[in-house]
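Look at the two complexes coming up: subunit A is in both, with subunit B in one and subunit C in the other.
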Partner chain A sequence: MRTIPSNERPERTQILWVTLVLIAAYLPLAGHLALQISAFVGLLFAIRLASLRWSAVLPGTWPLAALTLIGVANAAVTYQGWSGQNAGTALFVSMLVLKLMELRRKSDIRLVATLIGFLVVVEFLFDQSPWLVLYLGAVVLGGIALLVDLNGGLGEARRRGAITVAVRLSLQALPLTLILFLLFPRLSAPLWNLGVDPNKATTGISDSLEPGAISELVLNGELAFRARFEGTPPAADRLYWRGPVLWQTDGRRWSAGEGITNSGPAGALLETARPIDYEVTLEATDQRWLFALDMPASVPDGAFLSPDHQLIARQVVSAVKRYQVTSALDYRTAAPDPARLAAGLQVPDNVTPRMRRLVEDWQGRSNDDWALVQAGLQFFNRESFHYTLMPPRLGANPTDEFLFETRRGFCEHYAGSFAVLMRMAGIPSRIVLGYLGGELNRVGGYHMIWQSDAHAWVEVLIDGRGWVRVDPTAAVDPSRVDNSGASRMLGAGPSVRFTLEQADAIARFVRNMRLFADSLDAAWQDWVLGFSVEDQLALLERLRLGELREYGLVALMLAALGLTLGILVVASIRERKPLDPLQAEYARFCGRLAKIGLDRLPNEGPMDYAGRVVAQRPDLAPTVERFMELYVPARYGPDDSGDALVALADLLSHFRPRPARQMPDLLRRPR
Partner chain B sequence: MFNWTRFRARRFSNLFRRVARGGDGVARVGSRQIYILPTGNGLRFAAVLFVMLLGSLNYQNNLGLLFTFFLASVALVAMHHTWFNLLGLSVQARGGQPVFVGDDTSFEVVVGTEGKRARYDIGIPAGETRHQSIAIPGRDSGTIRIAQTTLRRGLAALDEVTVETRYPLHLFRAWCYVKTDATTLVYPKPAQVAPEPGSAAGDTEPRRRQGSEGMEDYLGPRGYRDGDSPRQIDWKAYARERGLVVKQFGGDEGQEVWIDWAGLTAADPEIRISVLTRQVLDAAEAQVRFGLRLPGLEEAPGRGAGHLQRCLTHLALYDHANDPLQRAA
Partner chain C sequence: MAMHLTRHLPSDSASLGERVLEAARAVILGKDRELRLALACLMARGHLLIEDVPGVGKTTLAHLLARLLGLEYARIQFTSDLLPADVIGVSVYDRAAESFRFHPGPVFSQLVLADEINRATPKAQSALLEAMEERQVTVEGETRPLPEPFFVIATQNPLFQVGTFPLPESQLDRFLMRIRLGYPAAEQEKALLAGEDRRTMVARQQPALTGAQLMALQQQVVEVHAAPAIIEYVHAILAVTRSSERFLHGLSPRAGLGLLRAAKAWALLSDRDYVIPEDIQAVLPSCVVHRLAASEYGGRLDEEAVVSAILDHVALA
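Our next item is the complex of A and B:
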């Protein structure tokens, strides 16, 4: 092995430092990665820290190779392969921490410090809170300070010096960072397809409906999206946020259905009224659908409208996404294609005779389809149906059991059974998943739609009216809504489905604080996480450079960067030249005379100046001549000027010339 | 094999700008004389940043972008700091004590800053190893000692020093070439053995030492050696706890030795000079008065450190084809 020069060998404190920075950088990941990964990484950290005291602990070449294999296998076994964000991160972290085992040269530490930057970026794939930004900012600062310390040559007070230098660098880098962040051209679509982690659980509603699916969501206290209306927002019970549309059922589970795809001509609206514009900031769903109010009448960039009037993004929403939509609150849809019409009448096999009798009863009492729908809704209202988040378990035929025995259920039970009954009556119907309502945040002026607002409703096809929304859950008598128990635990506050009483002042205060915190979070989402190409172009538009598009961004970015760097450079190297003490005295002397109108001319030497002053003001002659006797030899002579300096200062302390009473124009300074 | 370093040195060395000395003998590093390139570490940093940028752009992860841009900005600012760190440095080199061929010369490079901004990690590269880098407080200066191996007698000149810095992050290396006029005198390498001077060439019979370190003029003190007479020990110095010191006497004025170029027969002038050097050193050791005769040059007999230094200087600078000292005189 080649010998390492002594100044390339890392110091023990530097090894400790890099280990601590890496531990700090790893900590936020520990919550996201599997326990086995943290155990392996923790073991390596422990070995490294112990080796600072007992160097024999450090593994040699073969044990290190074995450890590497264990690390690779550990990540592979934990995540069953290499694909996916978690597996990749686990592998990267394991290898990075393994590098701690061989820090022979300073450049090894530099490499680790550099890769910590990459680790930080990876961590933002898991969590994007402002607190994490602050925390990792401090971690990165520690890494920069480490690089400064590794470079050395700081002389005395080096540790504090390294941190001071790192802080100064960071502060100077902040304006540049801001410029780059605002103006660096972004991609509107990814360069390569993102491997969506198959093991990663998606949040929010899914593309199928099973008993218990939504009640699970309701207990999830997370935010689904925010919506900001332009103008007056609609009433909360009109806020049906449309998501996936389900056609097929086996009597238990609803799914999109075979042969029903999102491609094809967009669902047409024959008539629209009451348009409403709004902006949605959608949290990452790892799905492609975008939520919009019934019915979306416009399509945001990078999305399309499916035949079922659902907005679909062209890319998976893996990060916060902001989009503008116009919806029509009143609308009339076109008739569906034959395949959809057939799917809308498909009835599961497990239909029971009493279900058939029920539908036949309704058919006998109704003249047309719409009357039959009303009869169905009245059934839910009149019979003792209860609305509860914790329905009893249902057996093999949930629809039948729910309708005739338990009669306790949630929106999924109501929508599912209602759609089946309508189909049995020959009315094409389908289920729509989405959210209902939303909580107005008065502080931020927007609506918050929580996962607990997840909802399922039915659309029936009525001749001449197209698809009409019917919400059987809303038909349940409000007195039979169970608003105790689980619904009390909801973090989401009141929804239109429950009328929870606003409790006392403390509860209101807590609620307001929560709204305020959410406004901050919304600002973070809007201005940092959701900052996009559109915002950049809007900024450019405001600067009247809109036509230049991306080129304008680049030009503006380069100009701003250059200007800022120029200012930084000038500020760094500019140094005020300290005036020679003698010259300072002379400047004071000239200043006193200038006050009485006897300014020194730029081209005038001391002797000429003194001559002119004496000629104009003979009364000042003694002091001026004395000054020159002291000043000229001290300034231009070879001797030490220390004594002259004291004498000059003494002389000047009594020199307060007054303006002449009558100053003839002739004697004024020449112009 | 193609030697890139030598090729570069020959081809491109004239292309580099050098910092010239000002009127006061101090070279001041100007903005146009500073070169700067990323280090290997800097390139790796850039590669990692590039991956971070691509990843963040692709995943549309604004926080990733934010940190990528922050690190890029830090590197950009650091590059300017690296550059500033050399700007306006004053560099002055001076030679050290004379040495013999084969020993390392030492030069002192005084690097100072006239402004109040402190400078860090200023170093002078020397082959594989790097000299300890120094920090210079504002309005102050620091000294870097550099050594060069010597192969030839004469004046070893330090034509140029490279002053470099990697402050603050070791991402960039800025350097400049500074011209200097510092020289160090290199004495000839003394021969292993030499015939006694003043005797005929080839005559190896040792010259009988005239007198001894006995009752002649007091020459000065020297350290005690085994075999010295107790009468010569300076007991007063011993009483003052200065250790065992011997009073040296000797060199009666009449005794002098000529160390003569013509007295040697070796054909190679460098060997002659080498032998003469040994003779001069031996004579100085033996405390005899000696003179030096080189073709066209004669140093009158004398004694003492100054005389020795003059003789060695003559030998170091002696140009057997065309004696410069003679012409100067």
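Our next item is the complex of A and C:
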């Protein structure tokens, strides 16, 4: 075996350090990769750590080769091949951790420490939250500190020293990072949005309504979108965020309906009042819906308005999307097309006689459609209907059972049965899915709309008024709202009307912390992840550099980088102690001699240097000796009057040593 | 090189030192640098350790220095059965005076030659080494000062020889310098073989200095100027040894003081009343190598490697 020079042999602490940094870097990945991968990687970590105490556990050449094969096979079997983000990451991580088994030289550790940087980049393909950025930033700092330590020259108190140096380096790199971030020519889609991970599941409203669909969402603690209002936001109970519209029902399940599509002329508003402007930052849904308040009166770029007044994006929302909308809180819609009118009156087969009797009773008491709608709402209000997130299971005819027997349910039950009853009364009705309300984040000044705010309501067509929103769930008497907390225990976020204010201080504190964390998250989304080509152009416009595109942008970026580097260099030079004047003269003297190839060695004293110079160039002896006679006593002697300085400067002004005459005469310029 | 950096020194110290060296060179051939280091060590009031294989002239050198400096001289041959009392002295009951009388040991001499110090047990070694540090001896509760000046020149065989007790690092730190003599070069060896018996030559030497002159020299060493740049340089050297991975631990502050003092003596011998970086570099190997325990090679360091490991990391501006 070749022997490794002692200064290349890694120290135990360095091995421990690189292992710990790698473990820290791997941890966030453990949540994304399969358990088999973590098991393999964990085994290797354990071996490495154990080897610090019992070096015998380190595998030799053949076991190592076997481990490598196992690692490759493990990744391949787990993900059925090599393609895909997960498989690639798993393979890379397995091989990187295997490298820990052979840290024979410092250069091995250097390699691993450098590759940890790459691993960190890979992790952002899985998650881009600000918390992960902070965490991995710390990991990278550890890696840099290790590299600093490996390059040596810090010594005893060096662990802390290395971290200080790493922090300094990172801080110096910060302006450069900022310039690259702002000015580097961008792809139109961010790197983490390459769609390389097909298994990613997103939650949210679906395109149909069936029992349990919303209750599942109500128990979901995830954020659906954020909305920032310009001016005073409307009251929370007026925040109906409009999503898909459903026409067709079989008495159990609601769906869009045959022949009803989003194409066709956009739903028109005949009258609008109380317009409100706001910006929505929508989390990825993998759908094309853009949620907007009833009723959207403007259409964002890259979207259109469906005949049912729903905003539809031209592309699937697979990453966070930000858009501006204006909605009219008061509006009058135009009448629907004949196909929709017919669909709005479709009644399922499973209506029962008592349902018919109920509707007939309302018809007998009402003069017009609107009065009938009110009668229906009163029914829900006066009868013993309860709002609960834990409704009893319903059998074959859920509408009938709900209306007359169980009378316990939530929005999907109320909206579904109400629409059916209205249709039976001859009033065209449809279901709208969306979100209701939203939690005002006072820290960030915007509303957070959670998946748990998912809601379903009804729109009825009234002559002369167009589609009118009716929320039968809201008609339920507040005393019959089940607020037992069971839903909150299951992780549901607060819903507008159906939760009580939490009064105790701890709950408020937790809530405020959550609000604060979310506003940080939102700022991160807005300013970092969401920084797009358009934002970049807008920034340039504002700087009156809008002309710059592509090469111009690159040139601007390079100029900014050069300027920043220049400032950093100047600052670091300034930071150094100014040379004392004698030292400066000496440096000039050495510089002149260096020009003719007689460099002073870094640790060479003045007398040794002078001796060497004179030995090589006896012709320079008079000046060199005179210089030293003045310089050495002035610099090192007890007399510090500074008289020598003038003489030295004078001497140097005439000192222009020429290279030794070895060049042929031909090269000399004729006079 | 004909550079005139000399300054007029009050009592012509350089020529005094030169006189000693002149005489020494006549006896110990071709070892000018070692003689100069040894003299500088004594001028800096430091103790000297000479380490080499037997027979290269360690004892001769010590004896010679004692003669030339006009010092009262005692030699202790360290053996494995040497007792502390053999070094320090012993109280004996005096029947006539009816009391105990202290018979001073050989340590009560101006120049003590501790020959083959690493052959004695640690107990006997430490008796001497403590006297070296304190410049006094306490026997039976009574503290007795050692003579002034007081020097110890110890010789030791390289540690790999059989039957030796290596001096611990803490004890080595008490020697200002450690030098090696090495085999003489061909010319000098032939001259040595052809020449007179060295012992006779040493015995014939007359003191080159008076006691007062030696004391004056020692005082002048202290007064040699060390500019801030020099202080910085010494500090940088200490810092490098403390931070380098090569050494288990760095140089002590005592080592730094010693290094500077030795450099001052070296400057004085070069007829200068201020220290230049070259003085530090000249005394550095003999002042620091024995104090640095290496983190490798079983604690034994290659002198040149150590010195370059230090100097290469300290740039001079």
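Structural remarks
Throughout what follows, the second predicted complex is superposed on the first by the 336 of 671 C-alpha atoms of A that agree within 3 Å, B and C clash if a C-alpha of one lies under 4 Å from a C-alpha of the other, contacts with A are read in each partner's own complex, and residues count from 1 in each chain.
As a convention for this text, a residue touches a chain if its C-beta (ideal position, glycine included) is under 8 Å from a C-beta of that chain, and two chains touch if they have at least 3 such contacts.
These numbers were taken from a predicted model, which means no experiment stands behind them.
In the superposed pair of complexes, A:D349 makes contact with neither subunit B nor subunit C. Judged by the touch definition given at the top, the superposed model places A:E547 against neither subunit B nor subunit C. When the shared chain is aligned, subunit B comes close enough to touch A:Q172, but subunit C does not. Touching more residues of subunit A than its counterpart among subunit B and subunit C is B. In the superposition on chain A, A:S572 makes contact with subunit B only, not with subunit C.
Of the two partner chains placed by superposition, only subunit B is touched by A:A319; subunit C is not.
When the two complexes are laid over each other on chain A, subunit A has residues 7, 152-156 in contact with both subunit B and subunit C.
Against subunit A, in their complex, subunit B makes its touches with residues 40-41, 44-45, 48-49, 51-52, 54-74, 76-78, 80-81, 84, 87-88, 115-118, 120-123, 128-130, 132-137, 165-171.
Within the complex formed with subunit A, the residues of subunit C that make contact are 1-5, 7, 225, 227, 229-230, 239-240, 242-245, 250, 273-278, 281, 296, 311-317.
Contacts from subunit A toward subunit C in the complex involve residues 6-7, 11, 152-158, 579, 583, 586-587, 602-608, 610-611, 614, 625, 628-629, 632-633, 635-638.
Put simply, subunit A touches subunit B in their complex at residues 5, 7, 107, 110-111, 114-115, 117-118, 120-121, 124-125, 128, 132-133, 136, 140, 144, 147-148, 150-156, 165, 169-170, 172-174, 176-177, 180-181, 184, 186-187, 190-192, 194, 318-319, 528-532, 565, 568-569, 572-573, 575.
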